[in-house]
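Structures follow.
Here chain A shows up in two complexes: once beside chain B, once beside chain C.
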Partner chain A sequence: MLRKRILVVCGAGIATSTVVARKLEEKLREKGINIETRQCKAAEVEGMLDNVDLIVSTTPVPDDIKVPVIKTLAFLTGIGEDEAIEEIVRGLRGR
Partner chain B sequence: MALNEIINGLGITVLLPIVIFFLALVFKINGKKAFRSAVLIGIGFIGINLILGFFLNNLAPAASKMVEYTGAHLPIIDVGWPAAAAIAFAGKIGLFIIPIVVLVNFLMYTFRWTNTINVDVWNYWHFAFTGGLVYALTGNIWLGILASAINSALVLLLGDWTAPAVQEYYKIPGISIPHGFSAAFVPIAIPLNWILDKLHFDKIKADPVSIRKKWGIFGDPIIIGLILGMVVGFLGNMKNLGSIQAWFGILKLGMSMAGVMYIFPKMVAILMDGLIPISEGVRDFMKARASTRKFHIGLDSAILVGDPAAIASAMILVPIAVILMIIIPQNQILLAVDLAVLPFMVVMTIPITRGNVLKTVIIGTVIITGGLLIGTNLSPLFTKAAIQAQFNMPSGATQISSICDGSNPLSWLIVKLMDKSFGIAILIAIFFLFLYFYKKHEKGWEKIAGASKEYLEKSE
Partner chain C sequence: MVFKEIVKEELIFVQKNFKENSDVIKFLSEELRGKSFVKESFCDAVLEREKKYPTGLYLGKINVAIPHADIKYVNKPGMAVATLQKPISFRKMDDPTLSIPVHIVFLLALVDPNEYVKFLSSLTRSFSDESFISLIYSLNDTERFVESIKKVIK
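This part shows the complex of A and B:
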């Protein structure tokens, strides 16, 4: 399976996005899905879209983005992580 | 060998990983995972220290030449939140901050003084920072710990108070934002917003999306760094612009500053990476003990920062901040790293102004004006805290601060009150008065923080 690229977005592209990126890598590896994550902040999303399959964000991102966006706080709150992972898997397969 | 000797001998890059490792075991993290993340935390500090040294070694001499040639007296360098966070965690208070904040939160939840469970362990650093400044001032570790505890307690109340407004505006049910920096501006923004409404500023609407397209350059830290470095380099070379060497220097400084703006936060991401297991351990520990009644999960204000009005307002505030830095005579801070994080300053003002960019920019201008004075005032303590936390400072003469945490009005208030016993009494009185009046007029308070009547009725 091809390596999927996920852009993880948060306010500064440092703190919460690191938490989400590590979690995605761990959970998706368990499911046998190979991913590569990149992190950025919300203000620079538009410039980071090359070769990105999916955006997972903890913060609002602009509406007019061409890549599918999943906004979730599940990996921060620890509530609904499995559902979020399933949604992300579906999002990756949809491409 | 005395304990102090061991602490100073090991240095923070060894000591903090050891502390975090054992703390992780207490919170039932798997030993292998705990060990690796503890080592990562040490690596994060090494990275931050390297970049901080590079940054100050490059910018400080250029800034002092700029002072010499232009008379612009800006000797205090804004080292930004990456340095502030590292100084906070690496200080003596930082070693104990996780259990302190967890204990304060647990007690307040048990007494029904708060409905927030603050699981945003990373941002405990803001409280450690305040405590670190108090320790730098008084040399008394207990006063530092008390300051951190009071800071975290006040911010929990701010988190509760703003929760309905934040939940409604940002559409995040069940969440509150007990963020030591972002939440501190709420009590300032509310009266300012009220005045602006009386002056009919709420009628003037600006479109965040078009502002973002036009002012986008001020949202990119690399470009900010590049321009800033070249401007400081230019002003520092005014006397010898005829020489090609001077121009090499200007370009190199621009590139160096762009590099700092890009790399510095990445070093914090390493630290963050190392903190993940213990954050999750603390989160699960706290949630398991808070299941008796409903609570808000306290998260990082970073989850709000994508808001278009917040981004647009912060972009406009970047050039405004630079102008304020030059025209305010008492200011001595040379703005740099924290120009990239102004959105964090305004995100909790946004629900109060209902996303009105103009009002947010005006409130932000007032906050930054005050912030430059506070940051200038706190700079000696900030610098001392950095030295106490064993960071490399290029020379004794270099002074540092930051326009975010170094200019935080709540930290400033606590620092100013903590070194006198009646000041401590005042702080404790502020806490209880805040708690009493908020609980007494809960809905009314939540409404002035930006929640609508309909939302408050629905959530009952």
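This part shows the complex of A and C:
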């Protein structure tokens, strides 16, 4: 089964994106979806889009990115997490 | 990861007042620098990052900010916290065009986020617990503050 690839983006690309990436992997695994995550800073997004199915970001990313973007703090704070997961599952199904 | 090396009573500052968010960051950075957690360049790096990629998190009644900078400015992992008697404006992480009043600032000095991801994750998830946030905001006792944080870290 091909693993879906999610690009996890935050401002500085380390602390918050690591928290989000690990949480995403955990929550999606619970749903039976195995993903591969990559992390980067918002400024680096354009160069990291190869084979990326979805972007999950805590911060705004450029408008003209061809990959679907879900901007949320839900995996950081836990607020709205279930809804965010549903949105991501829907986003991945279309790819 | 040793909790008590990261969360220390002497790095918790309760019910302080500052003029602007940069003043809070400068104050907390200096505290971390004075105890050798971070390099001298840390403060400017945090300020610069906050300008471009703000760290305000809107929770509702009591909001927080988690300013931090690249790991290359850090010597050893730690955290300095200030609760603000009068909330101070920070811009939102997920929408930098908007400002929110922030009541608690967690200045994070991290080295390897993978090693500390459980700590960080527990901490940021505790932000959604209204009673926890209200509690720590109300505390004058730094020992109790540390204990309260310890309880939410898994």
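Note that in this section the second predicted complex is superposed on the first by the 94 of 95 C-alpha atoms of A that agree within 3 Å, B and C clash if a C-alpha of one lies under 4 Å from a C-alpha of the other, contacts with A are read in each partner's own complex, and residues count from 1 in each chain.
In this text, contacts are C-beta pairs under 8 Å (C-beta built on N, C-alpha and C of every residue); 3 or more make two chains touch, one makes a residue touch a chain.
These numbers come from a predicted model, not from an experiment.
Student: Scan A:Arg38 for contacts with chain B and chain C and give back first, second, both or neither.
Tutor: Neither partner.
Student: Look at A:Thr59 in the shared chain and tell me whether it touches chain B only, chain C only, both, or neither; answer first, second, both or neither.
Tutor: Both partners.
Student: Examine A:Val9 and indicate which partner it touches, taking first as chain B and second as chain C; both and neither are also allowed.
Tutor: The first partner, chain B, only.
Student: Looking at A:Thr72, would you say it contacts chain B, chain C, both, or neither? Reply first, second, both or neither.
Tutor: second
Student: Who wins on chain A residues touched, chain B or chain C?
Tutor: Higher number of touched chain A residues: B.
Student: Quick check on the superposed pair: does A:Arg22 touch chain B, chain C, both, or neither? Answer first, second, both or neither.
Tutor: So A:Arg22 meets both chain B and chain C here.
Student: Of all the chain A residues, which ones make contact with chain B and with chain C?
Tutor: Chain A residues touching both partners: 10-12, 14-16, 18-19, 22, 42, 58-60, 73, 76-79.
Student: In the complex formed with chain A, which residues of chain B make contact?
Tutor: Against chain A, chain B makes touches at 119-120, 122-123, 170, 172, 174-175, 209, 212, 216, 219-220, 265-266, 268-269, 272-273, 276, 279-280, 283-284, 287, 297, 299-308, 311, 315, 340-341, 343-344, 347.
Student: Residues of chain A touching chain B in their complex?
Tutor: 9-19, 22, 39, 41-44, 57-62, 73, 76-79
Student: Which residues of chain C touch chain A once you look at their complex with the stated criterion?
Tutor: Against chain A, chain C makes touches at 49, 52-55, 57, 59, 66, 68-71, 93-96, 108, 110, 113-114, 117, 120-121, 124-125, 127-128.
Student: In the complex formed with chain C, which residues of chain A make contact?
Tutor: Its residues touching chain C are 10-12, 14-16, 18-19, 22-23, 42, 58-60, 71-73, 76-79.
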